[in-house]
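Chains here go by letter, A, B, C and D, matching the order in which they are written, and residues are numbered from 1 within each.
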Amino acid sequence: MAQHLDTLKEIASSFSAAYVKTPTKLKILDAFSVCALATAVLQFVYAKLVGTFPFNAFLAGFFCCVGTFVLTLSLRMKVAEHGGKPTAAKEFGGYALAMLTLFIAAVNYIG
Amino acid sequence: MARLAAALAAAMLLAGVALAAEQQKVLVLLDSPSLESSHSAFLAGLRSRGYALEVRPIDDKSLQLKSWDEWLYDKLVILGSSKALGGAIDAAQVVQFVDEGRDVLLAVDSDVSEELRSLAQDLGVDIDSRGNAVIDHFGYDSHVGAQDHAAVLADNFVKSAAVLPKALSTPVLFRGIGLSVAAESETAFLALAGSPTAYCGKPGAAMTDAKLAGPELGLVALVQMRNNARVAVAGSLHMFSDAAFQAEATARNDRVLGRASNEAFCTAISKWAFQEQGVLRASQLSHRVLAGAHPGAVKPERYRVNDDVEFSVVIQECADGGCKPYTAEDVQVELVMLDPYIRTSLKHDGQGRFATQVKVPDVYGVFKWVLEYRRLGYSFIELTETVPIRPFKHNEYERFIVQAYPYYASCASMMAGFLAVGAFFLYTKA
Amino acid sequence: MRVCLAALLLLAAIGGCAAEADDKRIARLQALARRGGGLIELDAGTFQELLVGKSRPYSVFIVADAKDLRSDPKLRLVPLVSDFKLVAKAFAATNAGKPAAGQAFFARMEFSRAQNLFGRMSIKALPYLARIPPGLAITEGGAVSVPAEEVLSTGGYPWGPERIAEFVGERTGLAVGEVKHAPLISPRLMPLVSLAVLACIVFVGYKLYYAPFMRHQALYAVGALCVYWFSVSGGMFNIIRGVPLVGFDHRKRQAMLFMPGQGQLGAEGFIMGSLYTTVGLSVAALITLVPKIKDSGAQRVAAYAILLVAFMAYRMVTSNHVWKTGMSPHWYLF
Amino acid sequence: MAGPAETAGQTAQHKAYGNVLTGFALLCICVLASSVRLFSVIKYESVIHEFDPYFNYRVTRFLSEKGFYETWDFFDSFTWYPLGRVVGGTMYPGLIFTAGTIWNVLQKLNIPIHVQEVCVFTAPLFSAFCAIATYLFMKEVRGQGAGLASAAIIAVVPSYISRSVAGSYDLEAVAIFALVFVFYLYVKTLNTGSLAWATALFFGYLYMVASWGGYSFIANLLPIHCLACIVFGRVSSRLYIAYAPWVILGALAAANIPVIGFNAVLMSEHMASFFVFGLLHAALAIEYIRDMLPPRAYSAAKKLVLTFGTTALAVVLALVVSYVAASPTFGWTGRSLSLLDPTYASKYIPIIASVSEHQPPSWSSYFTDLHIASLLAPAGLLLCFRPLTDASMFLLLYGVTAVYFSGVMVRLMLVLAPAACCLAGLALSEVTSYLSASLVAAQRAQAGAGDAEKKAKAPSETDGSAAGKKDKAAGSSAAAAAKQAAKKAAKKGGSGGGPLGWVSGPWKPVPKDVAIVGLVLVFLGLSMFYRHSVYVAGEMYSAPSIVLQSRRADGGVKVFDDFREAYAWLSHNTDPDAKVASWWDYGYQTTAMANRTVIVDNNTWNNTHIATVGRAMASPERKAWQIFRSLDVEYVFVVFGGFIGYPSDDINKFLWMVRIGGGVFPEIKEPHYLGADGNYRVDEQAGKALVDSLMYKLSYYRFADCGPMFGAQRGFDRVRNAVIAKQDFELKYFEEVFTSEHWMMRIYRVLDKPNRDARLRNPRRAKLGRRAPSKRRQPSGAPSK
């Protein structure tokens, strides 16, 4: 048990050490995706508590968050692959497009 | 179907108007010319009620009921006996006459011809076999029926205000043949039935078991066809005669009961048969949405589920040429799709307008308002109106449910986050 | 009173000595049945042994079977016989050691081996399952007239073991006991079982994931080809319609591989499927293998051989197809 | 992809040539694809075909009148009386909206064209699009050559023609295009890994979902592919971008289509995608960590992740399984369940099994429907492995799954068709390119020295000249393929990832003669294929089962137009809101052509209701009369072929009515309708229940009296080839009102309740003596002297 814990510690420490090196942009994206995921989880819990009455609303909200998470993550990957600035903007264009569609779909479905 | 019902109502309305305005033609067929004098009172009664009588012998060669495709007469009275129908008339044509909504009064006596019996049978009344007579060894009239007990005093009247508006105090003097109607018949009923001791058999001959006896033994039967045409079948000619109208009813032990109520009774049944009594007219069937998709829409093309709707119809009772609002508590309407989803009784406001308010079920489909009202002696009312019920449209569902606010919020937050991140992402150099 | 008593005793005595002979017979038959796995195989000898006689102290249940018709999907002879066997086993199990064990025997007669018996019992149609009541007198070579109520009505066929057991029960009044099926999973267990299965799948998948041979693409190529071959040859058709692998031509009294008209036979389908795949494979070979051959002569020969194979296979497919569907394509436009 | 060796100019030139040639070929293919489907219009006329298209046509008409929103909420009170049908919520709007949009656009352009024409010609149009989509798809997978070849094949592949001839206005007409297009977008996204394409994928998928129930095939195929990629360690950001957004957006898209709604997340068909979704994330997490952590920590972390992952997996599985096991059909719709367990439908759902296109195909139907594609496909399967890219792996999986499913249901042959065509096209292009390339090599050997230029040009010329003789599409495809080959060859065995696997590594061209023979054979095979397809398109698949043709002995054509005759009669001679009952096959046609309310129709969503009609048809006359009265039915019609020998009539469908009816109402028992010998027959040995049934009576009423037909004996049924059991009988509760010219359609009126209760059972009735004969009257009503 104990060594499990310190392996965990070690992992965490080395991870954070490695993570510090990642550029800010990626950090932001990570933060955004993480909070999106958190929102999704919250909604899930909420739905489990309150009951899934407006099921479509729940689905829309949930998928909206998960979608945001996914898209943000993919954008992060692209950016991480080639940290080159010029492509980043182009990538972001696609990202924005996708996000827009996502939002439209979600709002259309939410009620 | 609804259209048909409406048309029917309209037709009846017209008939009523006509009754007041120009005279209706009645063909009276007599078995023998002598009947015209012996039954003058009855015929006079008809004339006085505004009918144009055309009296002809039943076996007249030139008789004609319809020429080309139109009927020459509105009503038909047959005071018949042994003779066959003459001229162009036969049982089939009379049946057709009835099927096309016209009324017949048929009176026969003991030596009735087979043709008339079959006619009666086609109309739903079975006349006992020829030669039989109604006999009552206890309830005979001691004046006219003393020797053969075949002139009976019958007071087993039908309990229906539609046929007999006011109860008759004295019995009816009846000499003739017995009738019967099928038990499960929806159309025919007995207006005058035999007393418990009456039976139908050969006068003078001893009889151990009579097929027709007691209350099943009919003396006068009334038939209301599904198209509301009416037929009265009486087993006796004598009961319509002046003599009978004048007769004093005297029971077995010479107890005088007073004037026999033949006249009143015969007038009543003839009135009933000729649509002057117990006629119900439904009109102005309407239904409207009170609360729902299109509030206030009258006779909308379709409802939406859970609409509040009002169904209303005007029913009038017509008697003696005039119509007055009908009042009854037992008029019901159903909302049917395969099975009735709603069955409720209509409330009336003394003016004959029957209405009810219901919430249509939460089921979509093609529904029908069905109003079926059949009461003894009254003309049938069958109204149906088809109204589909549609589900919610995609934009009619409830919006902004409180429970769902978190979800809305999450979406909004995502958008905000997206904008923020986007802005940052694009405008930071790093 | 006393007289009857005496009579009874007398009867009992007679019955007693008759019974000894029967006991031996029953013992033999039971041994026979045990050898046959619960069923007695009827032929002239066993028929003599089992049935011939004015009466028997036991009733015999006979199921009719025919080798030629086993392939007929509608008749379901094989399951019928196995069900019958199940019932026999159940009967033996429940009445083991009891005298009832010797009061009913289960026999099967197969057409090719006991042809004349079919005639004698005047069996016209299968499926046929009947009971020979103890009282029925059977002479050697004489006709066996089984009363109608002793024959299990073909209504509601296939019967299934329960029905057969019920029949046995009501005819003999002996307890058959419940028939043991092949173990089935009750729907209530379903989730657990499927969960376990899924877990296993996950585990196996995990193992396979690291297994070296999973890296060989040839494996998957072959797999894909097999699937293709299977469905192109209408394998599903065979399964769903329960088509026999080989048909039997009753006129020519010989097995036939190809069936004219609609539908297909199992073998037919697989042959055609193989032809399909042959063409494809040879084409693939032309592209993939031939270029690898160094020597040009050998290469030429190989190439020609491959082309020939492909061409022949193609020819056969087309000709068969025309024969099957009667389609005769002609140039439409010119 | 300019080769390193040459100067940019020449390559540009070659590319230009190639592109022009390709574009031209593609154009030809499109023209071919849509024109080969016009036979039906030429031979018959421009009518809607068969059954389901009539419903689509009707809704499209509604759309053209009322607009999109109304259609979205279209509640149809004309079908399934009295239940009604929420059309908007139960249909796949894709096709209808497409046609509606086309129509509207044409109207905007002041092209006054009737909706029907638009509907008729939608299918050929989209088959052309489908060819293009196929080209793009294969181009992504392998390159132009393969693309053109597949396009050339799919343009005329019979199985696709069968559902997309002009006039067969059915969902599949557009759905196949959508299917292929979605695959193209997916592969495109997979190759480029750009979010823009992912968005495009979403829209494509949205269209697919809106068009056809077959979308669930995609919804399961993509996860399978993704899973395969994970298993083979091909996880990459491109895969993630192609797959993950699709899962989420796709689910939203599906949920937005009313007919799917919540099923998008509840039905088991969609579970796989979410499951793999989770798996993908796990895999990526592992990769990510590996990058981030030093190896030692990584291994520890990996253990953690794996244990965690497996447990999570187990939990999820447990949830899914419990949910699935809870629902009776394990959460699968009957149709897809019958895919997994082929024998399911035939056992439990007669209504599915009754549809002919749900039967399994035998070997011959593969050759009929795919012809050479089914022969070349295996080669394509193999070639997918050399080299095995993500894209080719996708194609491989697509082919394998599709071929399996097609084995279960004939109709899924349609899903197989594109796969087979792509595989075949792949094989074809590689064969032609190899052979032609070796031709080039041979020529070079003759010409002696030569450099890349000649190599590159020569084949295009030689083969191009060959193409002159060849059928256009095939030829040009081969030519383009050859160009490709030449380019590759010119690259001196450049990147091994190129589409032509054999280029990499040392290869030896076959001798010239072999190459020529091979090319000739290929050409022959292709031309056979074209001959077959065109023939099939003309003869088999262009008949609009509503108008029938038959060749007379003298070669003339006889047209049977009874259906439209009868429907016209209904629409002109019956009350506008009369209810018409018939077997469900004719429901759509009745509503569309006769414009009358029907009881059941081809959208078989309510088994009980259909069973009720089946029961009525199978019951004796009086019982049937009661049933029909309770449904307010005023007219009943049956389709009867015994007069002219039209085999697919109601008597032949009757057993299905009995089965479906018996499935709900146990008093209907199939054996009673079979003859003594257990066969279904209408002659003397016919089952008693059959002879008493309403269907028999309505079909054969007055049949025997219609005169000795063509010298046959009295009451001889030309379909069953038998003299019917009961020839002369009267109808008590039904009245014949119309019988079409060839007796193919017989319409009866359900009589009302009698006006009088004459002659009810009355024990007290005295017997009637002889009745007076009714008189013969002159029309005037006066007695005749």
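Assume contacts are C-beta pairs under 8 Å (C-beta built on N, C-alpha and C of every residue); 3 or more make two chains touch, one makes a residue touch a chain.
As the structure is a prediction and not an experimental result, all values here were calculated from the model.
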Under the touch definition above, the chains in contact with both chain C and chain D are none
Cα centre of chain A to Cα centre of chain D, whole Å, reads 40
Provide the C-alpha centroid distance between chain B and chain D, rounded to the nearest whole angstrom.
58
Centroid from C-alpha atoms only, then distance chain A to chain B, rounded to Å. What do you get?
77
Mean-CA-position distance for chain C and chain B (Å):
71
Between which chains is there touch?
A-B, A-D, B-D, C-D
Under the stated contact criterion, what part of chain C meets chain D in this complex?
155, 190-191, 194-195, 198-199, 202, 205-206, 209, 214, 217, 220-221, 224-225, 227-237, 239-241, 262-264, 268-269, 272-273, 276-277, 279-281, 283-284, 286-288, 290-294, 296, 299-300, 303-304, 307, 310-311, 313-314, 317-318, 321, 324-325, 327, 329-333
Once bound in the complex, which stretches of chain B touch chain A?
397, 399-401, 403-404, 406-408, 410-411, 413-415, 417-418, 421-422, 424-426, 428, 430
Counting only contacts in the complex, chain D reaches chain B at residues 72-73, 75, 77, 81-84, 86, 88-89, 258, 577, 597, 630-632, 753-772, 774-775, 777, 779-783
For a test of understanding, state which residues of chain D touch chain C in their complex under the given definition.
231, 310, 313-314, 317-318, 321-322, 324-325, 342-343, 346, 360-364, 366-368, 374-383, 385-386, 388, 396, 399-400, 403-404, 406-408, 427, 430-431, 434, 501-502, 507-511, 513-514, 517-518, 521, 525, 528, 531-532, 534-536, 538, 671
Any idea which chain B residues touch chain D in the complex?
61, 64-68, 84-85, 87-88, 90-93, 95, 98-99, 113-115, 117-118, 121-124, 126-130, 132, 180-188, 211-212, 216, 223, 225-227, 229, 302, 337-338, 364-368, 386, 388-391, 393-394
